[in-house]
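Step one of this worksheet: look at the structure below.
We just call them A, B and C in the order they show up, numbering each chain from 1.
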Amino acid sequence: MTIEALPPAGPGGGLPATDPAPVAGTTSRGVLRQLVLGDRQAAFGSLVLAIFIALALAAPIISPYSPRGKVGPVYAPPSSEHLLGLDDGGIDMLTLLIWGARVSLLVGFAASLMAMLIGGTVGILSGYLGGRTDTVLMRITDYFLVIPDVPLMIVAAAIWGQSLLNIVIIIAVIYWTSTARLIRAQVKSVREQVYVKRARALGAGNIRLIAKHVLPQVTPLLVANTVLTVATAIFAETYIAFLGLGDPSQISWGKLIQNSLSGGAIFSDAWWAIVPPGVCVTLVILACTMVGQSMEDALNPRLKVGHLSVHRFRLRRPPLKAGAE
Amino acid sequence: MRGADYVVRRTGAALLTVFVAITLNFVLFRAVPGSAITALRCFHCTKQFKAALEQELGLNQSMWQQYTIYLGSLAEGDLGTSFTDHRSVWQNLKEPIMNTLPMLVIATVISVVIGVAAGVLSAWRRGTRTDRLNTWTALSFYAMPTQWIGLMVVFYIALRFGFPVAGIRDPTLGILEEPSTWTVIADRLRHLALPALTLGIGLYGEYALIVRSSMLETLGEDYVLTARAKGLKNFNIVWRHGLRNAMLPLVTLIALSFGYILAGAIVIEEVFSYPGIGLAVINAIDQRDYPVLQGAFLLLTFAVIFFNFVADLLYFKLDPRVTA
Amino acid sequence: MSRRGPVLRVEDLHVWFDLPGGELHAVQGVGFELQAGERLGLVGESGCGKTTTILAVMGLLPPNASVAGRVYLDDRDILEGGENTVAPHRWKDVAMVFQGAMNAFNPVKRIGDQIAEPMELHGTATGRATRTRVAELFEMVGIAPERADRYPHEFSGGMRQRAAIAMALACDPQVLLADEPTTALDVMVQAQILELLVRLSEELGLAVVLVTHDLPVVAQTCGRAAVMYAGRMVEDGATADLYHDPKHPYTRLLFSATPDLYAEEHIVSIPGAPPRLDRHIEGCPFQPRCDRAFAPCPTIAPPFITVAPRHAAACHLNDVALERTQ
């Protein structure tokens, strides 16, 4: 028989075997606070994203030239008037980059938002209602999952991809499934929590329950997942544009990369047409990854103490005895 | 055999997925706005020609009839006829597939080797600057658009060091004299090297991150503490207990990443003008050669489904704890 | 086996953990000694630091830990040089059976190989000799020798624990540290494992530290017991003495908190919870929950004083010099 009469220990119990640090709070406010104040990685990522978003939004105001106007010779190198030179159409590269940010970021965020809406709805319904609905929805999700994403994306873009809206829809439809699964799991666990059961016993209706209890618990994870999906969406847009399948009237970073190939930038030794668009895409994707990952880490801390390390435990001199002897 | 019923079930699931893919393929291409024929771009395609083609392809029949015919010809291995050169789709795709395969294999090997090395190093030196540097490098390469890495490689490396940037073989070989097998192989490798290397670098990031976290997780397991308690040196623990267990997820991940490596191969082939299946797909898109595109879609999808299936089986076989 | 001194002696052991939230003083000045063939029960509730203590004895602490104090193995301080001086003694002189043998074994390696591993490492046996020795060990702990070629998941919980004990004995150590070896096992199996430990200790002269929160286990198997609370040792003595004549209120409450199956007494429980170890504690750590606390308790930390031969406790109640107000 064990000492059941004694209450469990406080923090710091059995340290080498369990998680050592207390969780920084799983409320939305807690996560945000951790993000902005505590986590350098997330702060840096957020900063980078903010800069790009600001640039994109301010494009009409800050872009030095028009994105459609030829202002000089083909592939003119960078100069004081054109910081990043000109492209194969004689258009200012810096302008193109800024305007390209608009499209790339727009597609990224819009597709991700749409994927979040679809996946989140499916996940919440599936996890909350359970039973038949759950099975059916999960079957559908599975079928979406098993069809390889890239061939499908290529074909869909080839058939329907000529407008920006279609591209957004295509990306969202292909990538909503992981969100659905994640949210479903979270909803299932929230549903089993005592206060939800209590609320239901008190007669609260389903919609009210979902809105007041399930949603607040699920939202932080949903947001974290959405941020990570933005990275995937931008990557996908870049890919589609490279294959020549995007909206032909829009400039995006993906399109700029494509242009550098078809316009012969390599053989014209025009690094300013090749390097910048890719750098921008990489930076934004990295930033999204930083922020999204930090958020997910804050929500699902898996701080396992490793047993091996190059570092070893340290020796200290014993503390002097305080207090009366 | 252990878990024979598991294998049967996974096979069934895979076959079902194949069927869904086939149907999807059919539906998608019938959904082309206008019809596949009207969208066709070719020189000699007059209106009468297109009408005759439509008749010939049975596109004026009911959907259900078309579907049945479609399934029937697939069962015979007939993927259709190309719109542009009128050879069978399979003839059009066979050689490109053969060209792409070695590139995929080499790229996978490269990315796995670098990925494992980077992942283990990071896990080993967890929390140090090496770890952070390593991790962010891996993440950065993973974030870069594959085609862009290709362009950078061509621009900065290929031209500078005299690597070939187009095609699969040197066109001047065999003109003056019959080249030896070794020369042919060496030439092929030279043309393969950069595309495969680029693809490998673009992909290693994923493996590095997974290996790192898998390794860290393994190093936090109780049996690692036991090994340490038994007096094993750190290196031995990693080598004997850590790697084997940490690599388990890696094997299935490699199989599951096939889709991703294929996607990368497509754009890399465009950048390097490498005549593989990727380039075939891109050309088919440009020319709106739907039969070839359809055939390629099917083959690629089958390949990915196959590798996912292999991943399922591998995971089951490698971990003695997993029961059906 | 005649020894004059204790085979294991721990003096003034401190362990700190450097955590994101601050520093945790997990073990605060713990000391005990162990003679050959003696079994010491280390008891206390979850989180009191008993597991950390025995991990520290073998130097098996994570990198965010720092240690102070002395651990004497045959009169040599093995903790003196940190990892370098502790490591050579692992398994050869001091071995451990971990909490939950479920995971102590590598799931993808055969049990026999894992037991042979330390033997080959420390030169206890090589090649064919290891197989013989493994078979011997299995027999000692009561497992059929042919099971050495099986995987851990093919063993039942009780058998795995026996295998873990066999593995611990592989290099013929002098000290065995057993961390909750019977938690998560059912009662019948528990009894068998304990019986095994007692028998091994008597036959091989093995000194055993048995960490547990389960008092009847201690009563059954250990001649001596040490009670820990909030990282400190509060009482240390013969098990019978602790049971019949406890000198610390915590010990007393602990033993009376264990319900007797046949008695009609009402269940006693100790209200409150143990203190946090990331802050300095003023006075006696048990004072807020103590039923006999008096004037000096909140402000002066009670020293660990001997109250009888080989019986010591950290409580002001034992200090005759202090003013007593009931």
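By definition in this document, a contact is a pair of C-beta atoms (placed from the backbone, for glycine too) under 8 Å apart; a residue touches a chain by one contact, two chains touch by 3 or more.
Keep in mind the model is a prediction, meaning the values are calculated, not measured.
Located most centrally within the structure is A, per distance between chain CA means and the overall CA mean. A centroid comparison over C-alpha atoms places B as the chain most distant from subunit C. Separating the centre of subunit B from that of subunit C, both taken as means of CA atoms, is a distance of 55 Å. Remark: subunit A and subunit B have CA centroids separated by 24 Å (rounded to whole angstrom). Here the CA centre of subunit A is 48 Å from the CA centre of subunit C.
Among the residues of subunit A, those in touch with two or more other chains are 16, 305-307, 309. Multi-chain contact residues, meaning those touching two or more other chains, occur in subunit C at positions 60.
Residue positions of subunit B with contacts to 2 or more other chains are 221, 225, 228. Contacts from subunit C toward subunit A in the complex involve residues 12, 14, 16-17, 19-21, 24, 26, 29, 45-48, 51-52, 55, 59-69, 79, 82-83, 99, 213-216, 254, 257-259, 261, 267-270, 272-278, 283, 296, 299-301, 303.
Listing the residues of subunit C that touch subunit B in their complex gives 58, 60, 87-88, 90-92, 95-96, 98, 100, 103-109, 117-118, 121-122, 151, 153, 167.
Taken together, the subunit B residues at the contact with subunit A in this complex read 17, 20-21, 24-25, 28-29, 31-33, 124-128, 139-140, 143-145, 147-149, 151-152, 154-155, 159, 216-217, 219-221, 224-225, 228, 234, 237-238, 242, 259-260, 262-263, 266-267, 270-271, 281-282, 285-286, 293, 296-297, 300-301, 304-305, 308. In the complex of the two chains, the subunit B residues touching subunit C come out as 221-223, 225-232, 240-241, 244-245, 248, 319-321. The touching residues of subunit A, when paired with subunit B in their complex, are 16, 143, 146-152, 154-156, 158-160, 231, 235, 238-239, 242-245, 254, 257, 260-261, 266, 271, 274-275, 277-278, 281-282, 285-286, 289, 304-310.
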